[in-house]
Amino acid sequence: MMTLISILALSAVGAVFGGLLGWASKTLKVAGDPRVDELEGMLPGGQCGQCGEPGCRQAAEAMVAGKLGPDCCPPGGRSLAQSISSMLGVALSGDGEDVMVVAHIDESQCSGCTRCFKACPFDAIVGANRQMHTVIRHVCTGCRLCEKACPQGCLSMQPVAPELHTWQWPKPRVA
Amino acid sequence: MLGLRKKPFSGGIHPRGHKELTENTAIVSSEEPRRVCLSLQQRNGVVLRSHVNVGDTIVKGQLVASGPNDMCVPLHAPINGVVEAIQPHVSAHPSGLKTNTLMIKGNGDPTWGIPHVPCDTSKLTPEEIIQRVLDAGIVGLGGAGFPSGLKLRFARQKGVKTLLLNGGECEPYLTCDDRLMREKAAEIAEGAALMVRAIGCEQAIIAIEDNKPDSISTMQSAVADRPNLSVQIVPSLYPMGSERHLIKAVTGHTVPPGQLSTEIGILVHNVATAQAVFEAVRYQRPLIRRVMTISGGALEQPTNLIVAMGTLVSDLIARCGGLKMEAARLVAGGPMMGQVLPSPFVPIDKSIGGILALSADEIRAEQSHDCVRCGRCVNACPMGLMPFQMAAHSRVSDLDGARHFGLDNCLLCGACSYVCPSRIPLVQYFQHARSSLNASRTMERKSAHARQLTEARQARLMREAEAKKAAKAARSKTRKRPARTPRKKADSTDSTPTSN
Amino acid sequence: MVQFTPVAGPHTHGGTSTTHLMFLVIAALVPATVFGLYLFGINAVIVLLACVSSAVLFEYIGLKLLGKSTHSALDGSAILTGWLLALSLPPSTPWWIAVSGVFFAIVIGKTVFGGLGQNPFNPAMLGRVMLLICFPVELTDWRLPNPPQQGADGLLLGEQWLSTNAIDGVSAATPLSQLTGALPSLSELTTGHHAGSLGETSALLILLGGLFLIWRGIIHWRIPATLLLSIAIPAAISHAIAPESFGSASAHVLSGGAMLAAFFIATDMVTSPTSPKGQILFGIGCGVLIWLIRTFGSYPEGVAFAVLIMNATTPVIDHYLKPAVFGQPNRFSL
């Protein structure tokens, strides 16, 4: 008898709480994830598409959904990946330092077609029609959009060489 | 050990001095170098503009390069000779990166190209003194390398009351300040008096560690007839040469973290800087040479030398008799805070106070082990930080965690690494964490900038589209009006594409 | 070969190594240990040897399994753990019980956390507590000391001194279990001529070892001083109020493991806080807990429990009680 009562009582408690949870999940549902907006604000907003998504908004959605890793945004670099991973609570895979690249125009080959600077979401390329173009190196984020746009093949991505004030101490190698 | 002796600040260590190698021999003037190399880029990345071209004949003391503002001091030719080349050359930076460098081939003539007659310094106004210091290209000779003239001007604006001259020289091996105080006490005193006048402060205190009795007595007699100058003895404890710790030891005041000493009315300069100020103001001589300790257990004849800027380290080692055994590391500066040299062909710059050729026995490099949390680093830290925690967080790239335990306040003095029984390279962890923190800050700034740019671009594109639309609308309007009269059909066909 | 690759300073070192520190601590333990062996005889020697050798063995195996350098099996830390555990055991403990305690201390207490420096709890005390719970009879079987006597023809070694059989000896109460009753005299407590753990009886010799460590800068006075004071102060107050139910301060401080804990166990580098304020708080916590457990708990001795409880607070203490940054007004940095 006691056994039966306990089983019944526990089942009843289970049913009540189960119902409560089910009700709560329906009525208290939040439309959309507020983190998407926040994340979108953190992204560079160049809509460069290097992450594989059509734009930064979609990338933010994919990251919140867990489809993309926090390090999917090359223009944002390591520091963006770190702040995204801490915001989403996702572990950042790998410890490698990323290699920064910037666009470089081989000026002897440039025909002045203006396609690269029209493609640049950051206005990091200056030039005019039929004039030689050049890259403002400290503005370029290395998003590679211009590389695809160039019909001459004279635009390449080059790694940024460290300078005295940007050189980083290596982490000590410890047994 | 039991805290019986009163220490002026908590923490600090007593490293083995090794000063006996050089402290009892007089400063030697080295002969004119055959070649000097002057880097045209400062450590902070600012590029200097050269005023000379390859092939130009230049004279000792001539201005050869200057920067875009007062933050970079001008460069002067340290020797008479010819500009041989302007090309990338390794600089005194642990990275070994090459910077654009002015190479001058000397002709061996030691005379100054421009006559430097002594002037009556008593007639100079404070601003004239400061300008002469700036023009002479003087930077802090203690190692920080900040333009001294700017420091003086800033201190004058802040109404600094006390000038502190740092004769601490707490780094092991280095004795150049000690020798300079013994041999040129009068010039240091005169330089100090000039700086007092430039700042408009009340007094200058020359602080000397108690392990330099000869310096103390010479300096004391040199300042005896100057009422606003005095000598104060401070206990020898590393890092006494740190500005904040010297101020605490001399005045008892502390500078709050994140603030400059001028906030509490004190300016600190090195004694060697005072001597350079004297030469610059009295003779208008630019800073083209400095006294430097060349020492280390691997060196044949450790010496204090007067060295022309831009002399190669290899030449200096050869001047000191060469190496008597294999050197494990060449170090610019003292063994505690000095930087390892990336090559023996590094040229000397203004902020290097010594060159050490250290043998393996002196470095005692050993395999590091796990931290046992013994807390010796916490006790040794003069800044009251927790080095082992900072290193543990830096190791896993948790920079915020490292900052929580004091990364931003760290002096990189190395006291923690010196005492660590597990031989953990604490300082390198901090250097690494600092530089990656810097890099990520730069990156953040850059991506914020990029965001602004895309927004601006989008706004511009929209404006352009609107303008185009408006222009087209206006054009169709102007066309419409004359079209009102005869050809109505043609007009309507024209206007259709505009709607697209 | 000159090294030109970037390596940060300092380009010199004070020369202290972990091994050096560990062996100094062991050296400081030697007087109290030798005295304990002299008092309690052959079985005490067996317990000590079993503990130390098995500690090194377990540490070596553990490091092998972890895939780490086996350097730290011989750096003295394992020896020290085994040694401290031996000193805290009754001298009549069978060797196999001691070895199982060492196994728990080294493998469960240290290796599974990642080896030296990673363990949150004092391994020796973990082993001690495990044994106390698993072998309550053997771990509370105290013997009267039976030191060799000066006889007519050399030293006379008593039968009990030579015995390795636990049943032979005369059981006795430790001073702790009769804190309020018939205590050994103060001089007996100080020199250690009373029943108790292998190496805990002589307060004087432990104090000597501890002062040696403080003098050599291996440990700081903060933890020992605050620990002993915070046992003594509540004991003195309660004893003054009701002497019939509370033990006196001297009895509390000099008996049981208080001295050993103050100088050698609570000061274990790995499991104690590193900041000055944290060390003081840690010492106070240990002391008060020892007194509370001894007075109100069901076990007569509370050192192991108190130290383990405070070990658990160490990470929190280290996180919040940082030393004051130079130049900042001295305050709690919460």
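Letters are used for the chains, namely A, B and C, taken in the order the chains are written, and counting of residues starts over at 1 for each.
Quick note on the criterion: a residue touches a chain if its C-beta (ideal position, glycine included) is under 8 Å from a C-beta of that chain, and two chains touch if they have at least 3 such contacts.
All figures in this text were calculated on a predicted structure; none of them were measured in a lab.
Asker: In terms of C-beta pairs in contact, which of A-C and B-C ranks higher?
Answerer: Counting C-beta pairs in contact for A-C and B-C gives the edge to B-C.
Asker: What chain is most central when centres are computed from CA atoms?
Answerer: Ranked by how close its C-alpha centre lies to the overall one, first comes B.
Asker: Distance between subunit A and subunit B based on Cα centroids, please, to the nearest Å.
Answerer: A distance of 38 Å separates the two centres.
Asker: Measuring from the mean C-alpha position of subunit B to the mean C-alpha position of subunit C, what distance in angstrom results?
Answerer: The mean C-alpha positions of subunit B and subunit C differ by 50 Å.
Asker: Mark out which residues of subunit C touch at least two other chains, giving numbers and ranges.
Answerer: 6, 8, 69
Asker: Can you list every residue of subunit B that touches 2 or more other chains, as numbers and ranges?
Answerer: 94-95, 367, 369, 425, 428, 431
Asker: Using the touch rule from the top of the page, what residues of subunit A touch 2 or more other chains?
Answerer: Within subunit A, residues 169-170, 172, 175 contact more than one other chain.
Asker: For the complex, give me every residue of subunit B touching subunit C.
Answerer: Listed in rising order, the residues are 1-2, 9-11, 13, 15-16, 94-96, 172, 244-245, 248, 254-257, 326-331, 335-344, 356, 358, 362-367, 369-376, 378-379, 381-386, 388-389, 405-406, 409, 412, 414, 417-419, 421-423, 425, 427-428, 430-431.
Asker: In their complex, what parts of subunit C are in touch with subunit B?
Answerer: 1-18, 20-21, 69, 71-72, 75, 77, 115-118, 214-217, 220, 269-271, 273-275, 318, 322-328
Asker: Sort out for me which residues of subunit B touch subunit A in the complex.
Answerer: Touch residues, subunit B against subunit A: 41-45, 91, 93-95, 97, 99, 367-369, 394-395, 397, 424-425, 428-429, 431-432, 434-436, 438-444, 446-447, 449-451, 453-457.
Asker: Where on subunit A is subunit B touching in the complex?
Answerer: Where subunit A meets subunit B, its residues are 44-47, 75-80, 82, 95, 97, 121-124, 138-139, 141, 162-172, 174-175.
Asker: Where on subunit C does subunit A make contact in their complex?
Answerer: Touching subunit A: residues 6, 8, 69 of subunit C.
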